[in-house]
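The letters A, B, C and D name the chains in turn, as written, and every chain counts its residues from 1.
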Amino acid sequence: MAPQQSDTGTAAQGLLNWFGAVRARTEAICRPLETEDHLLQCAPQVSPPKWHLAHTTWFFEQFILQPLAGDYRPFHPRFGHLFNSYYETVGEPFPRSRRGLLSRPTLAEVETYRRYVDDYMRRAIETLSATHCLELERRLSLGLHHEQQHQELLLMDIQYNFSQNPLRPAYHTPDPAPKRKAPPTAWHAVTEGESTIGHEPGGFCFDNEQPAHRVHLRPFRIASRPVTNGEYLTFMEEGGYARPELWLADGWATVQQEQWRAPLYWFEGEGNWQRFGLAGAQPLNPDAPVCHVSYYEADAYARWAGARLADEAEWETVARRQPVEGNFCETGHLEPIPVEAEADAGDTPQQLFGDVWEWTRSPYLPYPGYRRADNAFGEYNGKFMCNQMVLRGGSCATPAEHMRASYRNFFYPHERWQFAGIRLAEDA
Amino acid sequence: MAPQQSDTGTAAQGLLNWFGAVRARTEAICRPLETEDHLLQCAPQVSPPKWHLAHTTWFFEQFILQPLAGDYRPFHPRFGHLFNSYYETVGEPFPRSRRGLLSRPTLAEVETYRRYVDDYMRRAIETLSATHCLELERRLSLGLHHEQQHQELLLMDIQYNFSQNPLRPAYHTPDPAPKRKAPPTAWHAVTEGESTIGHEPGGFCFDNEQPAHRVHLRPFRIASRPVTNGEYLTFMEEGGYARPELWLADGWATVQQEQWRAPLYWFEGEGNWQRFGLAGAQPLNPDAPVCHVSYYEADAYARWAGARLADEAEWETVARRQPVEGNFCETGHLEPIPVEAEADAGDTPQQLFGDVWEWTRSPYLPYPGYRRADNAFGEYNGKFMCNQMVLRGGSCATPAEHMRASYRNFFYPHERWQFAGIRLAEDA
Amino acid sequence: MAPQQSDTGTAAQGLLNWFGAVRARTEAICRPLETEDHLLQCAPQVSPPKWHLAHTTWFFEQFILQPLAGDYRPFHPRFGHLFNSYYETVGEPFPRSRRGLLSRPTLAEVETYRRYVDDYMRRAIETLSATHCLELERRLSLGLHHEQQHQELLLMDIQYNFSQNPLRPAYHTPDPAPKRKAPPTAWHAVTEGESTIGHEPGGFCFDNEQPAHRVHLRPFRIASRPVTNGEYLTFMEEGGYARPELWLADGWATVQQEQWRAPLYWFEGEGNWQRFGLAGAQPLNPDAPVCHVSYYEADAYARWAGARLADEAEWETVARRQPVEGNFCETGHLEPIPVEAEADAGDTPQQLFGDVWEWTRSPYLPYPGYRRADNAFGEYNGKFMCNQMVLRGGSCATPAEHMRASYRNFFYPHERWQFAGIRLAEDA
Amino acid sequence: MAPQQSDTGTAAQGLLNWFGAVRARTEAICRPLETEDHLLQCAPQVSPPKWHLAHTTWFFEQFILQPLAGDYRPFHPRFGHLFNSYYETVGEPFPRSRRGLLSRPTLAEVETYRRYVDDYMRRAIETLSATHCLELERRLSLGLHHEQQHQELLLMDIQYNFSQNPLRPAYHTPDPAPKRKAPPTAWHAVTEGESTIGHEPGGFCFDNEQPAHRVHLRPFRIASRPVTNGEYLTFMEEGGYARPELWLADGWATVQQEQWRAPLYWFEGEGNWQRFGLAGAQPLNPDAPVCHVSYYEADAYARWAGARLADEAEWETVARRQPVEGNFCETGHLEPIPVEAEADAGDTPQQLFGDVWEWTRSPYLPYPGYRRADNAFGEYNGKFMCNQMVLRGGSCATPAEHMRASYRNFFYPHERWQFAGIRLAEDA
């Protein structure tokens, strides 16, 4: 859907269409929610849906309309404070853990805010495209990819918030997922050699995907599909959560402190394991990829299985050869589903894209030569390059057009509310 | 408004009217709120307005309809859990600090719940009155006084919740308070002797007001009016919050830990002291009673002033001789205002009722001979008789008909979000 | 041992003897300790033995030598800070929770400090007695009673500290306690009437025991002996810790949070209940008074037993008629033991003094007419008159001469490391 | 001092000498301490000196005497629990944060424990050397390097513990450090190319230094000396701690929460900056390397300076070419000192070894092909390979023979009590 550039008029139209589509998609995600649901913040790392609606709007206001649209008048004098997420260089952000305390502005006011900014944005796109304003395109593109990131966050946060309610409300009622058996795991071998990772010129990417650079790969094998719920259950049944030798020290400490005994959202009920998802509580599907595990759990599972996780160079090298297709949010499942068995798949890696983000064993670090921008854009990614681990491939909650092989997601190793799963690798 | 009993039909009608009036008043309090406001719980001790709406309804369902109305079918199988406040003997209460996490049931569903229970209640009142069911009247009376308590809690909680929003929303826009000067404090003397305190037979009271009993009073004097904002400001200016010798040890520790420098809701802005109230931020009125102080602050102020707080026997002895009139919630001010100077008042205590709850120096204890009921009603008051202090007289947020001289309110000594102020006393 | 006053020389000698005896007793308590034990602070409310040795010395330095002995030079310029417990009006106390972080001054240095101050004190006693300095005697008396309080605290704190060590070290190896059966509980009745409580002129008392005053007693009965371990075990076996209806709300919350299932120091081992004490781990003696229970547990036990706790006026009225005798620290048991059965005891209350402090249901409040001193002595007791409950009668760790019927001890209702037990009462 | 192997008798003698020397050195470090100092644990990450003395002994008992010396009888049945640090696979470790609560065993008992184990160890070395027991040598070597690590920890922990005492005790009184000016920083360039890092066969190393492997280096420059106190002061004076754009997000959050304004141990006094060290409080030496900074501070300083930290491959490549010499603990300074200016040094990196551990920007990760052992030795290093950053080069508290170019130390990015400093690097 990201536009192809041609002449000015068409370019503006393309941008307008794209802008409209992304903005509409965010609102569509919120449509099944009740007004009350928009205010929920059931954990400090979760944001209320209303806040997402406002913050994504603030991003355009702060980084496009205020600096580039000369006649812009801010919608509200305090929104610059309230809806700044973490950009310390453009003002004092409202504390993250208090976002759920803001009943005002109301949802209706936030919707008005969106309309107000959308109108200005449409005019700015038309005007600035006419002047071949590359800076506009650059910032607009960033703003829309930013909003797509929040589309996934919205789904993550809604699922978490709803899970805290004993009534276990369902966000949606999807069509039944296809009944499939997970195929056996095959091991796809990659020989030693040089590889390029990172985003090469052309098309959008975040700064953390750059610069593209050569890496040396040692020979390795990677599993043809992610670990399933059924496999993970075996790990649990064999004492996975009770054997310290399987865990990193910080992981084991977390298991003890948080009393982890299963992935997030799993619970025992009616004689078997269930999991809570956007469709409410459901029996666990043993053939679907395991989801909502932390890095610590992914690492422990891999050790138990006699394997390891891939690093991001290995992952990206394999993923570059695959089409960016899969169970993304557009399928409407909004949960991982078993892969479709292909007769001739052999050991070709499946499901690298969509379904679940795959934990790598790579800490989130700058690529060689990366320089964090001096201004607020330097805060977008660069300041988080410590203490977090990289995940790859997108999930059932990611917009398809948002994904690419070089895309780097990152979370703290203890976090589990993102749609994160496990793909095994091993030294060859 | 509480009904006078005559023949059966009239009695039923009286109860129905009373029931309707109290229930309607609760909803009227919530009417200025936005849907989003109903979900707010900005501190663990505060409850969301929606929860108050549901919990007061649950009280009738749990204690009248289920035990007394044979045909009653509960509205929802889980509401007995969700809206049980603290009655451990009738099921497991949903944790207090998590009430704000319940976006469902929605406000609309809670309103339907209220209608559903109201309908059953009306039928129960008609039916059971016909059979002279005294237990119904007893429980109905308790349920309605219970709901009146929550009417005040609603206003307290709304004010607190709104105070946490940097936008400082106003709950209402009242008529201007009368411009009055606080009269000088006079000291009303009471001589040594016997007195009776506690509720004597006739009319409703809570169990904690019983039994009425004789007490011996030493001679004392009590101030003719509460301490004003202006007087409290002098305490602050003379280093009140920086002088440990004025404070109880636990009070001083709280001052240090919480960094208290002024009453709750006071802030410095635009060159002077302001306070946040249900009408939003306003300049401090030096003639109005000081409000939203803790017991620790009331005690320290009294020590600084060379006085002390009254105990509850002293307070009640004086209050019994005064009419139960004052600035209750019906005046619509919803904040304490200066007393109206009466030409011939002399040292007659003013404002004992309404405006601000007055901290006494009496810990909240059972009266001699008090017995906590064995059932859930024993949990209503009795189990809180430890670690809390008694306050008397009602406030600008209390329904007038809810108040009487023997009424005992109670809060922890560090709590400040209730409408609590200071009246001085001294040994004669 | 407190001296009888006669002529000056004898008076000085009496004071010197008393001073020497009390100071020596403190050191005797510490003698079984290893140097390392003196530094232990295993909980914030516990102080290291070395700190007790220094603080009791600081008390004489601060309140006698510095103000009254003109030539006194402080031992160390920082000890006034380090060993000030909570007297905010004479300087900034070193934070209580950090007392265990002071390896320096060493124990040897603290012992030198004691010698240094003792020498000055002896000279001051001789000099000032010669001038009939009543202020000296008053302050000396306070200082020595203060040190006796710390003698009990030392034993409490040593027991707590040792309990945290998996090696369960024993502080001492006492002679075997006498093997006795607890007699059946009889109920001693007191009729309605006036009584005087509080300390009447003559002899030492703390300010919180004054003024003596008349109280009206309703008729009541009080148990002839404290509750035993065996009786408490029955409460436990009948679900005492699992029945919320028996508990105060704050007590129940504490039971849940702290996972209380038995008194402090009880543990299950070798097939039965054991308790840890100053003699190490021992099988539970069912006939000895239960000890190391909180107010919450005492209150819940009483409710379970269909009784209540006495208030302090009731307790003191009964205790005034009994000799101040019992199992105090001088017996060397240092734990409560069963009462010796007396053939003709009838319902005479036994063991009011010694063995265990008895929780009353009285909050710790000023007596009518009490005035907290303006200076540091006002901090000794007065500032703690909030949130705590009164205990009476002394324990197996209290010096006998320290006790009297009017003595008021006080602890927070959740605290259990003091030697606290239960005596039942009931309305007549 | 690590022995050269020749014939059996000599080998045994070499091992015995080495064992004796390392064990004696640990005790020498503790010699200036008072008995009380041995018990101090002033923060959860710090261990009491007595615990270090016992734990290093336990290591030999657990991993050599018990498995290899057939006749060994453990010194005490509970020491295996008390002095196990974190080896979950050989029993339940006593909780780290409670180590300071163990007054028993006393220091004298721990010294007896050391003697007891030393005697057995000497016999085991003689016996097992005679049988060419390679496993003994392997484990002995590990045990002695382990004890050397604790020698540095002892000094770190003593400094931290003493810093918490307002008396600011000095651990030692060293000879005055040489008065030197820090030379200007030069930049040592390394060209692009292949390099080998990791420990190559021969001599002792920890498992985390293996396997040696080839890496590709991009061209870079590295500073000729560490950042000095004076340079760091300029960073502070230019608002370093108040400019969020200089910091990683987690670093900035830590600065806010911990109120960091300077390195650990710095304080303002007597009109200038002072720092607390093992010699007590001293004026800050602007020419000495800055020490006791976190990774966050090192990273922010580098960003402020327009540079970055080296990664561990860069650091090791440079360090391999330098002799392992410097200001190690044997110099007796026990604090970083200015480098000695060498006339012809040019841009040769100085002080890579000793003085301060140098933060790299490398997360602590397994080298390619690293496999964590399945047994307890796998817990030595492998389980910590998450959330920590690598430091290189040893410090003024490291034994000289313990260091080598491939040595990898690791701490959490917020930790500051180790002797950690900053060396800058930049892309060429």
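Here, a residue touches a chain if its C-beta (ideal position, glycine included) is under 8 Å from a C-beta of that chain, and two chains touch if they have at least 3 such contacts.
Just so it is clear, the structure is predicted and the values come from calculations on it, not from any experiment.
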| item | value |
| --- | --- |
| Chains touching both chain B and chain C | none |
| Minimal step count in the chain contact network, chain A to chain C | 2 |
| Farthest-lying chain, centroid of Cα atoms versus that of chain D | B |
| Distance between chain centroids, defined by C-alpha means - chain B, chain D (Å) | 61 |
| Mean-CA-position distance for chain B and chain A (Å) | 48 |
| Interchain centroid distance [CA atoms averaged], chain A/chain D, Å | 39 |
| Chain C: positions in contact with at least two other chains | none |
| Touching chain combinations (by label order) | A-B, A-D, B-C, C-D |
| Residue numbers on chain B that touch chain A, as the complex places them | 34-40, 42, 50, 78, 81-82, 94, 98, 100-107, 161, 164-167, 169 |
| Complex contacts: residues of chain D adjacent to chain A | 86, 88-89, 214, 216, 218, 244-245, 247-252, 295-296, 299, 303, 361, 363, 365, 368-369, 372, 374, 378-379, 383-387, 413, 427 |
